[in-house]
Structures are given as structure tokens and as C-alpha cells.
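Going in written order, the chains are labelled A, B, C, D and E, and every chain counts its residues from 1.
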Amino acid sequence: MSIHKLVRTAAVALCTAFAIAPLVSHAQNAKPGVLVSGDNLPTNIDPHQIFDVPMMLYSLNAYDNLYRYEGNPPKLEPWLAESHTVSTDGLTWEFKLRAGAKFHDGSDITAEDVVYSFRRVLAVGKAPSGAFKPVLKSENVTAPDKSTVRFVLDKAYAPFLSAIPIVAVVNPRLIKAQEKGDDWGQSWLASNAAGSGAYQLDPATYRPLERVDLKRFAGHFKGWGDNPKAPELVQILPTRETSTRVLGLLQGSVDLTDSYLPTDQVERIQKTAGVHIQKDTSMRVFTLRMNNKKAPFDNINARKCFAHAFNYDGFIKEILKGYAERNPAPMPNNLWGYPADVKGYDYDLKKAKEFCDKAKAEGAPIGRPIQIHIQSQLEQTNQAAQLLQSDLAQIGINLKIVSDTWANITTNTAKAETSPDLWVHWVSTYFVDPENWVGQMYDSQFHGTWKASSWYQNAKVDELLRKARTTVAQAERQPLYEEATRLIVADSPDIWVYNTVELRGVTNRVKGFRFSPVGSGGEMRWIQLQ
Amino acid sequence: MTTGARAGGTASILEARDLEVLLGGRQRFLGTAVPPVRAVAGVSLTLAAGETLGLVGESGCGKTTLGRVLLGIQRESAGEVLLDGRIVSGMDRADARKSRNAIQYVHQDAGAALDPWWSIGGILDEGLRVHGLGDAVARHERIDRMLGAVGLDASFRLRYVHELSGGQLRRVALARILLLEPRIVILDEPTSGLDLSVQATVLRLIQDLKARLGLTYLLISHDLSVVQRICDRVAIMYLGRIVEIGPAAQVFAAPRHPYTRTLLAAAPRLVPGHEMPGANLIIGDPPSARHLPPGCAFHPRCAFGESKCTEAVPRLEAAGAVHEVACRRWRAIDVVPVSI
Amino acid sequence: MLRFILRRLLLVMPSLLGLLVLTFILIRLVPADPAAALAGENATPAQIAEIRRQYGLDQPVHVQFVRYLGQIARLDFGESAYSRRPIALEISQRLPATLELTICALLFGIAVGIPLGTIAALYHNRWPDTVLRIISVGGVAIAAFWFAIELQMLFSMKLGWLPLRGRLDAGITPPSPITGMLLIDSLLTGRLDVLRNALWHLTLPALTLSLGGIATITRFTRAGVLDTLQKDFVTYERAQGYPAGALIWKFVLRNSIVAAITQIGLLFGSLIAGAVVVETIFDWPGVGFYTVQAILTADTKVMLAVTLLIGVIYAVVNILVDVVHGLVDPRLREQD
Amino acid sequence: MSEVQKANADEPLLEVRNLRLSVRTDEGKAQILDHVALTLPRGRILGVVGESGCGKSTLARAILGIVPKAATVESGEIRLEGRNLLALSDRTMTREIRGRRIGFIPQDPYLALNPVFKIGAQLLPLLTWHAPELKTAADRRARLTNLLRRVQIPEPEAVLERYPHQFSGGQRQRLMIAAALAANPSLVIADEPTTALDVTTQKQILGLLKELTVEFNLSMLFVTHDFGVVAELCDEITVMYAGQTVEAGQTAKVLTAPQHPYTTALLACHPDRSDALTGIPGLVPSPLQAPPGCRFAPRCGAVADVCSRRSPKLVGIAGDHFVSCRLADETRSATP
Amino acid sequence: MLVLKKFAKDKPAVLGAFIVLIVVVVAIFAPLLAPYPGDAAASHLLLRLKPPSAAHPFGTDNLGRDILSRVILGSRGALAIALLVVGTAMLIGVPLGLIAGYSRGWLSETNMRITDVFLAVPQLILALAIAQLMGPSLQSAMLALTLTYWPFFTRIVYAEARRLSASLFIDALQCIGAGTTRILFLHVLPNCISPVIVRATIGMGFTILVAAVLGFLGMGATPPDPDWGLAISESRQYLPEAWWFSTFPGLAIFLTVLGFNLLGDGLRDIVDPRLRRSR
């Protein structure tokens, strides 16, 4: 049989098959008026259910708050509210609403709507309610008149005002129409919007964790006079892999990366024309948590040993290429309440060895394999763990790295026994108050939450923190936090590494980018597209 | 029940009474029901000690099934099997087989009936082990002797199935069975697939062994030449029934049943230029056992068939001293002597 | 035929139920507490307990299972614990993307694999066969995730010819979904720009995904053709003067494919599994990507739904394979 | 009849001379055919007889030009109607000889029909290729249905739409016969066409073949191992042993008075002939290590020294009876 | 022997055997062969992401470790996982298959339905789910792979045992009265061992591959194990600059799996019963 003919036929078939793949050249696709952001999205888009960095980015654009943080270091600025008053006992807070603000559906924003929003947060009872639940009852949020919202706290709570921006004001008329039973419209709002923000969601294009399209809301109360070149459409298209995200930026298909760019990618961006790095000091402390209730970390010398075994400079200089600031305490060094005199621990394996020997002498089981849990999706947690591991190996400590997920870890930190020996994470800014850091991390009343997962217990610290929480004046609170921080650092419950310098890749057509540690600069209304 | 045709006067050692076998048949889930096939329908026969009974028929006539029922590996649906006058039927497979150790069976395809992973020595030894016969030394000796008896030698012990020729495999298969000292051997197409020259030696061996070991054979075959050559009696099967049974010489010389006549006429014989009478006796293809015609199963192909043939299944009736035939018209059909 | 399909469907049910039990047991054992995750970062233990109660997570496992079965009977898979959207909706939005990817990969695999396998068989034991065998074995041996990364590195990062991720460029608005498969929708709506862009995005993922398929199909076609070539009817057809072309590409291939169809069916299942990796790497918004997210976040309902979905796809594909078998091989058709 | 044809009327239709064929195997070269010769006069049926492995089927395939890839025809001539088939390309064989001049009836009708094609789809293309005189599909259909009717297949029109498995063995063999005759060949090669059939069916098929040879003015090469069938059907016989022709002549003569010791011994093994059932001692030699000289010598009762030294030639004794044995040589030389 | 001769003629299979041999030798002597055996766990921040050079033929990774050494050291883990997983899966799957294949009725049916359930879920997804359930680690990955791989053996052995139990030689054994245990273990088992060996060989490669995928998705090996899949996962951040970081571990996976698959493929041809039976 004619083999050649067969081969020819097959070759033709092959070529046809390959021809399906169109090898056309890649066109740049920067569209006028469209801003494409590579930031991450929250798992759903109900701002009263989720409260994390991706949600901040979304809700800052789609919703408004009474007050809002602007600038760096962040300052609390009136937003939907014009002003507020607080009673001297710190229990009664009244906010005066600005006139003329409207929701996307054109209805006016009233004090009743704000009351509904706060009550909804409390009723839903999820992450955003955390700051309010201990001090605020639903019925104590009221609207004495159309433009006044009154809160009566159960007890004095100084960080109350700092926490106000957590709550997005939602449109009750839209939500109530979609309620299922007593779910407060949670299912509906999880993939829809009922806000008043500068940008309006197009629900048809929404895909959880994949895509959000936001159209400019011309009727926003702030008006657009200050920024005529604001993007008409903001698309948020998260990309899982950093290198992919950066490449998108380099190719022009993405205008902004997220703000947690690994330093290895920074050089790449800097080398490329048409894009640049936006570099901002943030308030985000990289922390290795130790489980103070589990041996050997119930022993202070063991903890100190570990604190001395981490190569802070090496990590910051070599791995982060210097794009971070050493932060030897749990508080970000650019926040009030940070004790300027605190020195922290340095990398010194000799000292580490000494402390280690001391701990051993006191009976701490230093020799047992110790597990450090990292977040599998976050490479830096892995690098830090590996670095610590290789240094500890030199002083005879066996550290095992366990790849884990956020969901797992935060479940396991509910109990001391199941909390990991060590784990790695950042403590980000949710509200700009020391309470966000030392308060929730080291007050023993928060044991069982992931933030307090070092299970640290010091009666003196508890007392200082509780006092600071109920004192209203910042001037009085500052020394309390400084003192508490000093005590905490002396006990070395955790290993604090650095305060983040956030690095975001930006195309040159993006101007006027405003960074704030809260939301990591996700507020798009300030951006001018060239 | 018929008396069962016996070879003159000799004691019967194996007897089948009204055996019936239904094969397959099941109600498939949501599917059409598959009716069972009547592979053997009311067969009675006896096997006299020391005789060779040939069981002849075309493929699918039920002759192999009948053999396996007699062996006890296939359970009968009805009827009885008697070994030495004792009823050995109606039990489950394992017991039936155990009670009929005196019967052994040689498969048609000897090569496929031997485990390819085992050496010939191992295969032969295994039968003895299963039956717990003798210690290692004794077994070894017996195997060597048996290999000699079937015309092989001790060197075959170490060889494997794939190294042996078709004729040698038949010998090994026979050796394996004979080691178990059966009295009755069922030979299923013992020479099918063998070349003429090999077939001759195997047939010779079969005859020799019978004489030497005092065996009784049930020989299943479709090859009339072979059956005529080595069988004492012959039973002709058609679609699950025995249609004619009698001494080989009589059946071959003066077949009574139209089917027997057809068969004999159709078989090619080594007579140059010989034209058999009665080629015109055959009509159509053999029907399947799934769709049995009513009455005499052969009537649609029978040149002598008439409408009455469809009314009842004819029973075996005596057509001579030890010759029986199941045809209601056998007397009417002109007996044409078939010359060979 | 209809009856045949119906019977196969019913026979599949026990397996699917077993699958449900298996996955449900497995997932119930996951230590991560969905309630804690749902409650969010600042939740107190009391809040978590409340959520647990609210979602029925405090009930005994068998009660939860029975309740879940009831829901599934109504095709209600519940809400994803995270996105709070109906899982059925989420899956229905993602399934077309996965199907588009896997079907393209499968078609590509068939288009390449069958000719290659036939050639290998025709050149049995000669160099083209040897080379094709090494290539086809190599196709199975390549880690898809690695190959994808290397492809990305070469074609997207270095050469910039092909896009790195996703189904469409940012800024291109897809036509509103009809089938959900961009290639088809764009054709139906006449959006050639979308078609081009979608094809261009599909190239790397489909190529990566088809790799194992090409190898498998090549291998089984080769085996099938070799087997068929030894059949008596091929000798007969040659002896009766069937021209070589018709003989191989019509008469032999049709028989050989009977054997390959089962493999193609199985392959479809493994392609869907492979899509998990490929979709993760290429940010392909399909079911595989969704599955990984669900696993990483311990979203149990989604995991159950996805596992069930894949089980159903498996079953359907198997039934389809039987049907196609029947169409190709008339002997099987009548066994019903 | 044209002049040329008339002139050739006495010439045998098929003549094979000195055919040598070997096959490459893993263990070396196997000489499957060694100096095979045969002659088939027009209008006659020639039986090629021998035990398994004697090369009779290979001979049939060599004539059709469909030997396996590993086989090489080393020398010889195959003349069909004056053309040397060995000199023709495969393409020419396909276009002009196989199916057109030579029809083929295979051994096992169960396996020789392609199971996945309808009878019509398998057989009608044969007429498209090999009966160009039939211009339309209707003509071809008519020819085929007529043939089917002739071979006694009921409802020939409906048969074309049925699949092979829907026929009984005898009917299938009738189909094969019809296919072999479809393009009006002059030669039909039948390779053990009745081995797989029951005796009653065999009888019918043999009868049919005999009738058709006369009716269609055919010559037939009938390969078989069954002397009984040869006795019944064939006019001439050629006996083969271990790849060599050992004896040839008119059937009656050869069967009644065989001249070669092998033929004699083999016939003596037939249960119809032999009382002693002696068999032939020894085994057929392996084609890998064929004994020198006469291949039957190691098993021959009349062996002499010369047998293992010299290959005997096929010589004619008494008219058209040919034998390849030293004894025949001696007889001839003894009677000058 | 004919079989060996056949094998020697099969060039791809010989190539496969050669690769497997090399991988096994490398795995056994890994600490001796690796230029920097300490780089299994150590990190050298000053040597981060250096391209291939004389000192580091495969370059260095994100923590300055020698990739060649880690590729060599990684062979141990890969082989160990594969051996353990395939071995255990065989121990579970083969007896189940034998029982299901030879017995009839509910025992066989239940057995095969359970097997079908396991087979109906893609291995990778089930393994991911199990790995998540157990907490991501090498141990859970191995357990997950074993739990998902045994049905393959059950299926094969089942099919073979079914085929064999219908075969003449088993029938012949029943005819001479051999017991079920004898038939099952002395006749059925040896006769279905060839496809099992083939499957096990290919399974070795397949397991290495799936283990790498699990490592890549963060559900398998944990840092600082010199795991190939993990290395590729870690490398993604540094692409395309540090191309060597992903390329060499990937090649190691590819070659190893290729070796096992070629070997298995070659064995498949050899143990093909049609070939074995032909004389």
C-alpha cells in the first residue's frame, strides 16, 4: 500500500490541527477611560459579611461610610457625615449627615439608612461587627432626626470612631426587597450592590473572585469636579500568580497590580518603560506567631531564643531587597502609641543558643520537632519559615514547615491545643488605632480569635489595654499603649519582623494614585487616566 | 422412559435418565428477558463398561453440554445420572464432581486447558496432589510412568505448554487425567485441529490406553470417519436430543434417521470421485437451539418430513436389537444402504 | 436504544449515591471549620457557634447527609459559604468554560492522535513508530503544570505571542452568554473579534491539556490499528483488491476506533481532572479553578457539588461511550 | 473469442514456477516456500493439500500478492493469463488483479467480513473499483443482488442493508462467494473455505462451488487439508510438504496410487483408509532449519543417503502425474 | 530467553529501563552525588537566584540553594512515594480484584461498585480533598494517592480474573476437582500478575506525576523538602527571569516518569499474552 500517500494525508491533518491555533501578535489593549486593576477580590461582595483587605478595596469604591481614612499616615476625614460629637463619658456618639448624598438608585441617604446599615452589620454578626458587638446593641443605634445618627455604647470604647469606616452604608430599600426570611438580604447582597459609592457595580458581569466591573457614578455626593479624568470603568481582574499579574502590567493589559508585589518582581517593573513602582510605607506588620501556651514556647527563654534566631536584616535586605522597614514590636512604627525607645531583638545565633540552653536547662522541650505553619499561597511566609528553619538547624533545633491554608489555620487557632506552634502572617490595618494591633493581639479576652493566637497572657498588659480601650482622649491612651507594648516586647510572645513597604506596579497612564494603609490605596476616584 | 440401548449384555457403569439442561436465561434489568436455551432435552443413555460410545452431532447440538453434565461440572435441570447404579445427580457442583471422580474429561483444546505458567511436571503433579494420591516420591514415579505410557518421556516434566506441539499437548492432557485413575473418560473432540498424521497417532494412543487400562470412553466428535473407526456404539444428536443410537457398524451401514443419513451423506470421504447419494437431502442451515421448531426439530430440513412431524416430538424406539431411532417415519423411508 | 440509555442511567444511580456518601464522609472529616471561616476574622466563639447552628453544622452527620440528599433531589446544592451565591448558579456559569476547554483539547487530541497512531501502526517497529511511541509516552510523562509554565514562559513572557491567562482580554466585553462557550457564542452573535481573542486565549491551555490526550489517543489508535490489521477481514479486503487508502482510512480505522472510543471516554474524565491544574495556572474561570478554590477554603458544599458533578459527567460520558460504541459497532447495538 | 485468446486456450490459466519465499523472524530466516510449482488449467479445480505449516496458505497469498511485510519472494514466477504477477507493482495488483482477475474466498467467513459495515457498504465498492463497466450505482446493485440470488441468499435487496453478524456461517460463506465472483474473475482462490462450517453446510457450499465453476467458466485454486473434500471436489491435486511441492496430478490418480512416500504415508493415516493408525514418525521440520536435500527424508520410510544430499526435482511420471522424489527419478532413469 | 531478546530489540523500552536504572542509582547515592548535600535544608541568602554556572550547573533557587543538589536529593522522595504508594495500592487492590473477579454475586458486585465509586472521581480531585482533610503534608499526600490508586489494580485484576475464570485451564482444574483457594492463588494470581506489573510500573511514573501536582498545589511535600513539584511551584514567582528554577526540576520529573512509562509500555508488549503464547 502506498505509505507515502498516507504520510502525506496525515501531515495535512496535522497542519490543519495546528492551524487552529492562531498565532496572531498580541495587541496592546489599554482602552481610554477603562482602568484594569489586578487586585484581589473578596470572596463575596457584601461589605457587611466580609471584612478584609480585598473587601476594603471594593467597598471603598462601591460604598460610602460616615467617616473615611485618607492619606498616609491615614487621617480620619468626614465623608457621609459632616461632623460628630461625643459625650464626655464616651458613651453617646452623634453623627451629623451631610445633605444631598444619594444612593445609586437616586434615593436620598437618610439617618434611617445609616441606622439600618449598622443594625444589619450587628445582625449579620460577621467580621465587620467584631469591633462593635462588645459595646453596641442594635437598639442603641437610632436616628433622632433625618440627618442625625446616635449611638449609645454600653461602655466607653475609645476605638469606636476609628472603627466607624468599617461600616458601609447600604440602601435598605433595595435590600429589603430581596430578603429571604431573616437573612437581611445576605444572599442577594453577596453578589449585588446597594450603595452610594463613587463607582457602581454592574452585577451582570460579576464573577466571584474573578471579575468585578465598576462604572463611574456621576451622581456621587463628592462630585467629580476635582477629577475630570477619573476612570469611567474600573475592572478588577484578580490574577492568582504574581508573575502573571506583573506580566499583564508589562504588556499593558493591567493598569495596577496589587500592592503586595514581591521584590523580585519590582526590579522587572523598574527595568521596563511605561510602568513604574508606587512605593508606600504602610501599617502592616509581618509576624511569626508563637503559641505561648504550648511547650517550649511557654518558656520565655525559648521564645527569646527564636526571636534571636531570625535573620531580620538578611530577610529584609536580601529577600525583600530592602523594601521594608524593620519593625521590632507588634505595633507599626508609624502609628501613635508605638514606643520609640523599644529595641526589640536582633539576629544573633550566639545569643539564641544561650537562651536555648537556658530554656533547655529549665526543662523546655527544645529538642522536639517544632512545626511552623505557612500559608501555601503566600510565598513570603514560606521564605521566612525556611530562613528561620535553616538558622535554627545550626543551633540544633528541628523546625518543620507545614503548608496550610488561611481557613485551616484560623479554625485551629480557636483552641490553644490546636493552634500551631508557630505560624506566619501579616497584621494589616483594619482601623487605625493601636487596638487593631496590641489591643486585639495581646489582650487575653480575645483568646480564641486568630489575632490573639499567641495565647499571650499578662495581667498587667490586660489591665493597661483595657484601660486604654475605655479612655477617650488619645493623649491619655498613648502612654498606656506604649507601656503595654514595652511589656509585651520584653516577654517576646511573637517574632515581629518588619513594617511593610507596599509596592504596586502601575502603568504610566495612571496618575494621582493616592495610597492609604487602609484599603491599600484602593480608592479609584482619585486616579486620573492619561 | 425408554429402556436405553445397551451394548449386548455388558453391565452399564454410567447411566443417564431423561437428562435436561437449560442454559443461560435471565431477566435483565429493564431489558428484554432472555429465555433459557434447552441445550439437552430428555436424553437417556447408558455406557457399558469397556465400550467406546461415540456422540456425534453438528456444532451447537448439545453434545459437549451433555458430556459436562455427565462429568458433574454442569448441573442438570432435570433427570438423573447413575454411576455404578448409584444416583449421583441432584447435588451441587462440588459434590457432584466429587462423587464422580471415576469420570474424567479431556478438553477439546488441550493447549488452552493447561496453565501456561506451570511446567508439565507441575501440572501432572497437581492432579495427584488435589486427590491426595501418594507422597512426593511415589507421585514422581507415577508421573514418569504415565509420561512413558502416553508416549512422552521424563524430560517433558520441565517443559512448558508453549514449547509443546499439538499432539504432545493431547498426550499431556490424557496423562493428567489418567493419573487420576478414572474408569470413564469423556473425550471431547480429541483430534480436532490436529493434522492427519498426528490425529492417527493420537487415536492409536487412545485405543491403546483403553485396552491397557480397561477404560470406558464417551467420545464426543463431529468427525464421522474418526467415530466410525474407533467407536463401538454411536449416538447421533440433533438439537439437544439423541435421534439415533446403535452399534457403529449398523448405524453407518444402515442409518435409520433422516438426519443420520444426511450427516453420513454430507461427510466427505476419501473415495476419489465418489459422489454420495442424498446430497439433495439437506435443506437450509441448522436452526438455533434458541428457536426450536415444534415437533421433530429436524422436520424443516428433512426431505421426508410431513405435516404430522410438527405435532409431537418423536421418542426413541427400537429399530433393531440394540438400535433405536427417534423418527415417526423411519419405517416408511426407503432404506438406502450407504456405501463407504 | 432509549431503553438502553435509561437502564444505564438507573444502573449508574447506586454508584453516584456511593460517590456522594464517600465524598460527604471525607469532607465532614475536614478539620477546617467552615463556620469559623464564615464568621470572619474577629468572630468570637459564641458567634461561631451561632453560625454553626444557623447552617445546621451542629447536627449529627447522618442528619446533615439526609438533608443534603433531599436538597440534591431538588437540584439545590445550597449556597457557597463564601460567595453566598447558589452553587448551581456558580457551576452553571463556570461549566461552559471548562467544557469549552476540555472539548477543544479533546478534539485537538483526536485530530492529532488518530492520524499519528495510525501512522505508528502502519510503520510498526520501524523508526516512525519508535519515535512516535517515545513521543506519545512522553506526552503522558510530562507534568502538565510544568509544561504549562514553560509554555507561558516561552510564548507569553519571552515572545509575547500568546496571552498568559484568562478567556478574553480585559476590556473586551463578551457577548451575553447563550451557551456560555465563547467560541460558539461569538459565532452566533457574529462577534469575530471575540472569537479571535477567545481562540487566542484558548491556545495554550488547550494545548497543555490536550498533551496527555494526544499521547493516549495515539497509543490506543496504534494498538487498535495494529490489532485490526491482524484481523482476517483485513487480509480478505486486501485480497479482494480494496485500495490502500480506503482500506486504512475507512475500513480499518473505523474498526480500530471502536477500541479507542472507550479510551476517549475515559480521557474526557481525566481531562476534566487535568483542567483543575491547567485552569489554576491559566486563571481559566472554569469548574477546575472553582474546585481548587473550594478545596483551599474548605467550602464543603461546593466540594460535594463539584465531586457529584464530575461523577455525573463521568457517568454521562460512559453512557455516551456506550451509545457511540453501538453506533460504530452494530453487534453491540443488538445486545440490548 | 479473439485470436490471441484462442491461441492461449491450451496454456494453463495459472502457472507457478520455482517459487521461493522466506520470512524474516526474530530467530532468523524461515524458508516458507521452496521451489514450489503448480499448474492450473483453465476451467479446472485444483486442490492444494498439505498439513498445517506446509505453506499452502502462504502460496495462496503469494499469488494474490498479499504476503506479510516480513516476507520476501526470493525467486520464481507466477503467471496468470500470461502475466507474471511478481513483476507487477502493488498498485497494479490492487487495480487490475486482486478482486478483478482473481476472486478470493477466505477460510473463516465469521472473521472475514468487517463487522462494523453493512454488507452493501462492504461489497458494492468492490464493483466501483473492479467492474468499471457498470456505470451507475443501480447497475452495481443489480449485479450484486443477482449474484446473491444465484448463491441462494434469500431477499438479496434487504441483505445489503444488514450487518455480517446477522447471518449464519453458511450464508456468510455464500456472501463471500458472491463477492469473489462480483467482478467476473477468471480465477478464484479458496483458502479452506469450509473448515469452519458444519458438514451439512460444507456439503452445500462445495456443491455450489462446483456448479459456479462451470457456470462462470472459472478456474479454482482450492486450498485445503482435507483429502475427503479434495476427493469430492477437485479435478487436480497438488500435495505440499514443508514448503515444497511433493506430488501433483489428477485427483483420482494421486489418491488411488500415490507415488511420493509422504503422500502414501499421509493417506494411510486417514481413518477411512488405515486400520493400523500408524501415523508418520517425527515432526514436520521447522522452516528455520529445513533439512538439506529432501525435506521429508528424516521421516521417510524409503530414505536413502542421496536424499539428504540432493533436493529432488519435480518430474513427470506417467503423463501429467508429477512427483518430487528420488524414487521417481530412479524409476524414470531406470526406464528410459 | 526469547522474552529478554524481544525486550532488547524494543529500543524505547531499553531506554526506559536505562533511565529507571539511573534514577534508582541516583536516589540510592543521592547524598554522595549531590554537590551540596546540605542544601536540602540550608539557605544562602547571598546566592539567591543565580543562573547556571560551573559552581551551580542548574543555578540556585530563591533561597540560594543549589538546584542540581536539590534535584538529585529530590529523586529519593519521589521514588519513595511512588514505591510506597504503588506497593500499598497493590496490596489492597490485587486481593480485592481476585476475589471480585473469581466470585459471583453480591460479594463481587459490592466490591466492584465500591471500586467504581472510587474510579468515578478523578484521582487528582479526590487526592486533593483527602490531602486537605488530613492537613497538607507528604504523608497525607501518600495516603491520598494510595486511597485513589488501589482501584486501578482491582479493576485490572478483576478483568483478568474474570477472563481467566472463564478460561479452559481453570475449567480443567475444576474438572479434576481442584479447590477454589488452590485455583485462585496458584493459577489465577500468577496468570494475572503480568498486567499488574505493567500497571505498577506505569503507576510508579503516574504517582510521581500526581505527587508533583499535589506538591505544586501546596497539598503535598512541604518546604524545605527538595521536592520537584514544590520547587516548580516556588519558582513561579521568579519567572521568566529565573527560568532554570522551574526548568530543571520539571525535566527531572519528565525524565523519571518517561523512564517508568517507557519501561511499562515495553513490558506491556512483552507480557501481552498473545505474544507469550505464540510459539
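Heads up, the rule we're going with is that a contact is a pair of C-beta atoms (placed from the backbone, for glycine too) under 8 Å apart; a residue touches a chain by one contact, two chains touch by 3 or more.
These numbers come from a predicted model, not from an experiment.
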Between the pairs C-D and C-E, the one where more C-beta pairs touch: C-E
Label of the chain whose CA centroid is most distant from the centroid of chain B: A
Whole-Å gap between the CA centroids of chain A and chain E: 42
Between chain E and chain D, distance of the C-alpha-averaged centres to the nearest whole Å: 53
Whole-Å gap between the CA centroids of chain A and chain B: 88
Sites on chain C at which at least two other chains make contact: 31-32, 152, 157, 244, 280, 296, 298
Residues of chain A touching at least two other chains: 1-2, 241, 243, 376-377, 405, 408
Contact footprint of chain A on chain E as seen in their complex: 41-43, 45-46, 48-49, 62-63, 132, 135-137, 218-219, 222-224, 234, 236-241
Residue ranges of chain D in contact with chain C within the complex: 61, 64, 66, 90, 93-95, 97-100, 103-104, 106-108, 111-118, 122, 125-126, 129-130, 163, 165, 176, 179-180, 189
Chain D-touching residues of chain B, taken from the complex the two chains share: 58-59, 165, 195-201, 203-204, 207, 222-226, 228-230, 262-263, 265-275, 279, 282, 285-286, 340
Touching residues (chain side chain C, partner chain D) in the complex: 231-233, 235-244, 246, 251, 254-255, 258, 328-331, 334
Partner chain E, residues of chain C touching it in the complex: 14-16, 18-19, 22-23, 26-27, 29-32, 130, 133-134, 137-138, 140-147, 149-150, 152-153, 157-158, 219, 269-270, 272-274, 276-277, 280, 291-292, 295-296, 298, 303, 306-307, 310-311, 314-315
